[in-house]
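These are the structures, in structure tokens.
Each of the next two complexes has subunit A plus one other chain: subunit B in the first, subunit C in the second.
== the complex of A and B ==
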């Protein structure tokens, strides 16, 4: 039961701009293969005619984060790699994570406290001064 | 001979039990633990697993992140060998150093393969006009441990 965290990939580019050549090649050749390999990602291709903003690959994730990556002057293979990288990610922010593990049940046999594995007379009596 | 402070060692002297009784006791304990496992009376299981040159203490449904690239795709199920320790509420099985593969089974799925946050690697040498800046981004994989199972085949 694995759910891919990427919702949709929007490819915004203009067919006339010179730096969108890689995007156009990607759309012609590799977009269909990419869509077949990742059947649970929706790929939108929206060319806007005329000189507009720079070509951008926008990824939206299930928790609402939107990540935009520039694809101006990139070859089609690089765009494919970028797309697979975005598809494998989840929508969490890329900041420093403090711990590389996360559990909901950290202790199974009970957490250690200084009185485990000691004779139980200590819990009954408590610490007391030894006579000098 | 007179007894000085160095005749006997300072730790309390321990008498080892009889070897025959010892083996009987061992067999009894093994039979009991086998019975417990086969009836399935354990609650949560935890395991210590050696993975990606690090040892992790894992239970079911918890997340682990490593700083490398695994050859599995997102969503693949992975079986982890190299289990060092398995424990439950009442008993633990300690391997020397590994436990058998027919005894424990640890399964995990690859959830995501991202990159780390951009780390800055800068060298600066004052009054020498020397500086060098590099941004390092490591690929990371996130695994989720699905299940830890044990089978009653001790000896």
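== the complex of A and C ==
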């Protein structure tokens, strides 16, 4: 069955900084709807008072990866889109995919080895029968 | 006026080193942790309805209760305050283990009717073994929610907690839903695994002879079918097993004995229906009539 890989989202922002305006609007308007639509993700909202680090959305996945995304000077809709993108991802590292194809069944009739299509030693070689 | 004095240049590097050297901590001791919310999210993530108090009992391990009571005793509290009134999860774990084993045995008996009881027992033991269950539990974040004494949680604690979760589901939702849960989380671990990787068979030829006598087929005659590089360091022999001059199975090997054993294993796989090209497992929803029939027949 499908198990959402996102465990929790932590929204760290400052209540007074100017670049956290989108984050504050998100918390006021869209955070509750997001939490209701994704009941398997725990949303933590932690405002830290005073001038601190930039507003950040931290996502923790089931395999332990923690991904931080800056939300400074982003609007509320953009933050919603970003949160849904993080919720639909798995926690695997984002690296270059070496090849755009993969298969679990590389061979349907059995992989060729030098002895396929070679008659076995036990086959008796008799004189050829003429077609009648 | 002079600008305010900055913190020293080495301070940032020092703080970074302290952060990297800090010992790993439980998630529950780091900031932003709400146990109740995490448990609700856990039940939604598995798409199952749990009775929350049963689920909370399922995460309490006996080692945690002992360590908590020892800590309270050291802090010098009275006897009443020392005793933690928390039921632990051993009973739920036993129930979960029993149900999981019974369900898996039933499903394997239904799917592979030719597989003998020892083979089914080996498969079920593999699926309920410590490594597999603790691997599944780790990837479902049970190691964050489980209350236990050591961190990181040892595999037997994770196994006990996961089976206790299964037991809690059994008590809250009934055997049908728990059966679907066990099927969805345990059986995909068999994908890509070969039968004889899981089931250690010492003498495949003897087992094959028993199976053939049960089906009234004469004893197999091994013949070399193909051979390559006989006089080299790496020869390859293909030995075929023939019953009444009809081919049963063929297997490769480095020496003649190894090839014969491998041919016997291939023949056993064919007889038990556990080849690589068998039908994949059926994950469709079970019909309600079938479940009622099974319940009536088991009664």
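Convention: the second predicted complex is superposed on the first by the 103 of 132 C-alpha atoms of A that agree within 3 Å, B and C clash if a C-alpha of one lies under 4 Å from a C-alpha of the other, contacts with A are read in each partner's own complex, and residues count from 1 in each chain.
Going forward, a contact is a pair of C-beta atoms (placed from the backbone, for glycine too) under 8 Å apart; a residue touches a chain by one contact, two chains touch by 3 or more.
Computed from a prediction, not measured in an experiment: that's the story for all the values here.
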item	value
Touching partner for A:94 - first (subunit B), second (subunit C), both, neither	first
Which of subunit B and subunit C A:85 touches, first, second, both or neither	first
Touched partner set for A:67, first subunit B, second subunit C, both or neither	neither
Touched partner set for A:24, first subunit B, second subunit C, both or neither	neither
First (subunit B), second (subunit C), both or neither touched by A:4	both
Contacts of A:102 with subunit B and subunit C, given as first, second, both or neither	first
Subunit B versus subunit C as contact partner of A:48, first or second or both or neither	neither
Common ground on subunit A, meaning residues reached by subunit C in one complex and by subunit B in the other	2, 4
Subunit B - residues contacting subunit A, complex	43-46, 56, 58-59, 61-67, 74-75, 87-89, 92, 109, 111-118, 142
Complex interface listing, subunit C residues touching subunit A	31-32, 34, 37-38, 40-42, 44-47, 139-141, 144, 184, 223-228, 236, 238, 240
Complex contact set, residues of subunit A against subunit B	2, 4-5, 85, 87-90, 94-97, 100-105, 108-109
For the subunit A and subunit C complex, residues of the former touching the latter	1-4, 7-8, 10, 39-42, 44, 46, 62-63, 114-115, 118, 120-122
